[in-house]
Amino acid sequence: MSRNDRKPDEIRPVKLEINTNKFAEGSVYIEVGDTKVICNATVEEKVPPFMKGQGRGWVTAEYSMLPRATHTRNIREAAKGKLGGRTMEIQRLIARALRSVVDLQALGERSITVDCDVIQADGGTRTTSITGAFVAMCLALDKLEAQGKLKRYPVTDFLASVSVGVVDGEALLDLRYEEDSAAKVDMNIVMTGSGEFVELQGTGEDRPFSRQELNELLELGETGVRQMIAIQKEALGASSLKIGNHGTGGLA
Amino acid sequence: MSRNDRKPDEIRPVKLEINTNKFAEGSVYIEVGDTKVICNATVEEKVPPFMKGQGRGWVTAEYSMLPRATHTRNIREAAKGKLGGRTMEIQRLIARALRSVVDLQALGERSITVDCDVIQADGGTRTTSITGAFVAMCLALDKLEAQGKLKRYPVTDFLASVSVGVVDGEALLDLRYEEDSAAKVDMNIVMTGSGEFVELQGTGEDRPFSRQELNELLELGETGVRQMIAIQKEALGASSLKIGNHGTGGLA
Amino acid sequence: MSRNDRKPDEIRPVKLEINTNKFAEGSVYIEVGDTKVICNATVEEKVPPFMKGQGRGWVTAEYSMLPRATHTRNIREAAKGKLGGRTMEIQRLIARALRSVVDLQALGERSITVDCDVIQADGGTRTTSITGAFVAMCLALDKLEAQGKLKRYPVTDFLASVSVGVVDGEALLDLRYEEDSAAKVDMNIVMTGSGEFVELQGTGEDRPFSRQELNELLELGETGVRQMIAIQKEALGASSLKIGNHGTGGLA
Amino acid sequence: MSRNDRKPDEIRPVKLEINTNKFAEGSVYIEVGDTKVICNATVEEKVPPFMKGQGRGWVTAEYSMLPRATHTRNIREAAKGKLGGRTMEIQRLIARALRSVVDLQALGERSITVDCDVIQADGGTRTTSITGAFVAMCLALDKLEAQGKLKRYPVTDFLASVSVGVVDGEALLDLRYEEDSAAKVDMNIVMTGSGEFVELQGTGEDRPFSRQELNELLELGETGVRQMIAIQKEALGASSLKIGNHGTGGLA
Amino acid sequence: MSRNDRKPDEIRPVKLEINTNKFAEGSVYIEVGDTKVICNATVEEKVPPFMKGQGRGWVTAEYSMLPRATHTRNIREAAKGKLGGRTMEIQRLIARALRSVVDLQALGERSITVDCDVIQADGGTRTTSITGAFVAMCLALDKLEAQGKLKRYPVTDFLASVSVGVVDGEALLDLRYEEDSAAKVDMNIVMTGSGEFVELQGTGEDRPFSRQELNELLELGETGVRQMIAIQKEALGASSLKIGNHGTGGLA
Amino acid sequence: MSRNDRKPDEIRPVKLEINTNKFAEGSVYIEVGDTKVICNATVEEKVPPFMKGQGRGWVTAEYSMLPRATHTRNIREAAKGKLGGRTMEIQRLIARALRSVVDLQALGERSITVDCDVIQADGGTRTTSITGAFVAMCLALDKLEAQGKLKRYPVTDFLASVSVGVVDGEALLDLRYEEDSAAKVDMNIVMTGSGEFVELQGTGEDRPFSRQELNELLELGETGVRQMIAIQKEALGASSLKIGNHGTGGLA
């Protein structure tokens, strides 16, 4: 299996639209190739019980796929009566990643929930969700700022994510579903605009990977994240200037 | 509260796109005003246990709303661990309505599941789902027919749905959310292309309604369904000629 | 299949006993033919969280069938760990219907829950439940009034329900199970003593129904509800004089 | 608190009606004082997976209370989504007790489920359920026998149950709710017609009990069970002659 | 099947270690033959809602088995999503037994939860849990006393438990799994140091048992409990002198 | 906070006992510092439905903590009725890691489930579980081999895991709970005996980490895994010679 739609170190075409939902405080529709995700950010003036009275905010995320986002239909988790392990793992990942670039003190005692609903899945749904969710969250914060509710803008850096993997011995950036299924090694990388790592999840279920392979994958990841951040910047426009570290070296 | 965006007997602008999902056998994206629904039809070569070996098929439906389809965020039913009564009621309604215009014998021992996922909700999500789901189902059946799997086309008539209600003493067609909340009497009407009723669900929780009001609402409903069917016909194109009763009087 | 136990526009023999439970504030045992339902009304001095502090009351209902109420044994919903869609739909219907004839302001900040438990099921369990639940609710309100807790009696009108349907081309009133299974069109009608509609739920899963059939069914429904209300009046005795609209035309 | 409605060694008035359900293979309505239970026995021509192919049958039981069987309303277990510990404990007890007097080989590869639904609860609901369930089970077996499906009648002995307890230092037979609440020691006794024990469950949560108290309680229990079996015999009529050990000494 | 590892009235070797957990307020590791249980007692400065503001404490217990505590692997109850009936029955029994020897007034408004986790099961897991849980609870109370939080030591008596049963016509003390499976009659006995009964649960599912057999089993039970209490005393050391009734006759 | 119980690149004392459970096919008790885990491997002669008839085996894992494994008591997941996200994430990780060193073809159509039950938790429960689970799995495979059920030994390499992290700017190996809570960057590393990576999960929730920090952490991880594998080898004794790659360079 050899990639012929683009070079090994190229990402798929990306489309990122903002303000797509009439009700949500921040909303994004993002396509990375045939992977399509709706990201809606909700602001609520309350925090989880364990954080009450500390003056700090909270950011969380939920992730779901429409039953027919995939080749065959999946039974809804609501019908099964419980969230699957994969879903929980992904929504915990998205939330942790978002929080890593938010100053919770600056957010104030309120919470932001970003819902990532996958409309169509062709590989990289979790990385696409993170990239889109970051923008949805920024838009919601813009609204809070415009309402004078924030002392300072709480986003400390850009944040985006891509998948990388080894397929047929070749390191590839941004795997589509077919490539992902054939990958021996599979890694999700979340990085900041400053070029540092927030999450690194590499798995070699089919065969282990060497230190050298790891290094190749990290290079590809950096390339991909850099491009994703450029797209985020364009979508956010002037608003992107408020994001911490925006001018300082790094990937942003 | 008086309607000023259109006349009492007018429906909102409708947009109906087909083949919007890469994987589903039939797919539709439908907007009725600000209500937006994705309808994906899945064909599976099996039937529920209670129907096995009878040579007849089955049609079913599921309904869900994205958490931020509404003004405030709703907790996901998957997170709650169970489907709410409203959801169950609606998906039972959609499925019953679809089955009423399908010859299950002609479908053969296979099943069609239509998933209706509400992306944005501004009143009439269940009626919009039915109108869209009917088209998604037809598209899936077109595919089965093209594969030579059907002896005859199993759709016996067109099927569409609208809501009607009494707001401030005035009978209105196709209520948006604001109108729906103010309605004293609220009715969902599902009709066939022949102009007959498939489902009639009228509720007067705030005050009962008279026989005369019922008659007015039924007239409005017929007007609305007629327009919805015209839109379905256009979307289906030539394929709509295969649908039973297509030439005979009625609304189609 | 032709009905031979009674005329098409006749209801089955009805038995309605009151005060059958030692603990419940209001209790009724009702038989309509071989359908047997226990209705117990409970008064609690609290309202659901979303209604607190408004000075208004709430009326709700629950519905269940004993496992062997039917020809074959059903698995208990408690054993399955969730309520089925049919159960939820029915208990929402009963509750909405009861609330339509209660002045929640006059009830005051307390709630009434009416439990309808079907002991034996032979068609019309939801309509029988509504007819019985209305009486159980009135009895509970009588007790509240006797305790001086009500400023005025909150029941604004009588309320009863019957099923109607089209079987072998013939419109029939009050279907027993065998008729219900054979019905092409099936409708549940809830009306007030004033002869207006509170709920209308008609389904033509096997074939759609025309406007004319609808009219025939509505006539039969009115006939049936009129008789049910007469039986309720007799059971309630003097207490029925307190119910709003009792003297004004209509069905009561 | 001193008992004044009857002597310490007297049971409450008992009413036991048979064939009260139109559908169940065996059905009983039993009252012991104000405790009222419906017992319906269902025969199914299958056994649980772990017993398949052994040629032996199975007997099981389920127990439930209507929400308003008690002074205040209990939330339904179906609404909670799970069975409580008390319910599970009781239905396991009823089932074990019934199996102790059934020759499962003689029953053949089929199962009997006895549903015990408490309509009103005034103490002794589990013991009343056992006494009623035994008769419902016999009636269902009578039907199987009449259909020629049994080689021999599988009931080896009579079976009944009563509660006993120590209230204010006095040993009492057949406690009503008020007495049960005040009891320091509380015991449920299930015995056969031959006068032997099948289940003995004694609890001294408030204070432990001595060997002598135990003996007193066992005497009372025997007295009570003897009377319950006499009532069962009368209800079963000629059919009771088929039950094993019917003529041999013991309590029957 | 004849017992050859010890005499019919002998218990298996017992090992009882204390303070085995670094975090729990009281902790015990107990082995009775090949049955191994970890008992951890937790003190929390709160009581269940129904007990608030009464100045009295509460004692409760939970019971679980590791999946491979038994010959074949059991599915985890957490994976099934609910507690089984056997588990609930056992944890209710342990809790009731513990409460029977605790002066809840003296405990003060706080609660003790004893977790009994069976590491390996070879018969008698519930009786072993009770015997171990009593010691874990005492250790937790010692800690509370040392902190000056108790006015008086709240344990009124010793408490231990053993199983007895009839196997091949012979009454046996402390059944191991193989014996338990072969037992026709099976009884769990919980007694205090004063030699009185707290719980008595006898079951004759395979055949009923006579009064004489009951007496034999009670004698064996007393013998077994006496030995268990001696072991508890040794483990508790000086602390055992605080337990009520410690000097007065009885088994302690 | 500075580590004073050992050097930054040292692991805690490890104790690894084998054959600790009488029933399990493979069993291990492992302590890493104060973290204590029981690992039991179960062999079942069946595979999950999606793998039937392929002649390949399956390896899976479950993970749980006793309620009082931690400073304060956690509510049991069985009592909550569902597995938490953290638990699911961990058991998926353990299973993936084990499968990475098993030749599923050589295992044959059977499955191995390794249960990891944390008795006491002081940091590194998931890494300790992996290290112990690997040995329990090998022991179960030894048993299968001794029974002549395996054509060849299916373990292709050693497998162990450690945690690493950055605390107060210093990279540390094998974090205990206190260090883990203070860590800004936290990484779990699973490696084979050949020195390659199987899983890499790094998180910088509190602040992102640089490429250089990553390299330092990977060095520490390799050091730790090397020591864990030495301990595994000693525990497995001669049996360790059967493991693939055992002689070839790497960490083993």
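For clarity, chains are labelled A, B, C, D, E and F in written order, and residue numbers in each chain start from 1.
Basically, a residue touches a chain if its C-beta (ideal position, glycine included) is under 8 Å from a C-beta of that chain, and two chains touch if they have at least 3 such contacts.
For clarity, every value in this text was computed on a predicted model and none was experimentally measured.
Contacts with chain B and chain D are shared by C.
Here the chain-to-chain distance from chain A to chain D, counted in touching steps, is 3. Interface matching across B-C, D-E or C-D places the copy of A-B, with more than half of contact pairs shared by residue number, at C-D. Mostly identical positions are employed by chain C and chain D in their mutual contact, as over half of the interface residue numbers are shared between these two copies. Centroid distances from chain A, each centroid being the mean of CA atoms, peak for D.
We define each chain's centre as the mean of its Cα atoms; on that basis chain D and chain F are separated by 52 Å.
For this pair, chain A with chain F, the centres built from the Cα atoms lie 29 Å apart.
Residue positions of chain D with contacts to 2 or more other chains are 81-83.
Remark: chain D residues 82-86, 88-89, 91-92, 96, 99-100, 157, 187, 191-192, 194, 196-211, 214, 218 touch chain E in the complex.
Of all the residues in chain F, the ones that touch chain E in their complex are 21-24, 27, 34, 38, 40, 42, 44, 62, 64, 66-73, 76-83, 87, 113, 115, 117, 119-120, 122.
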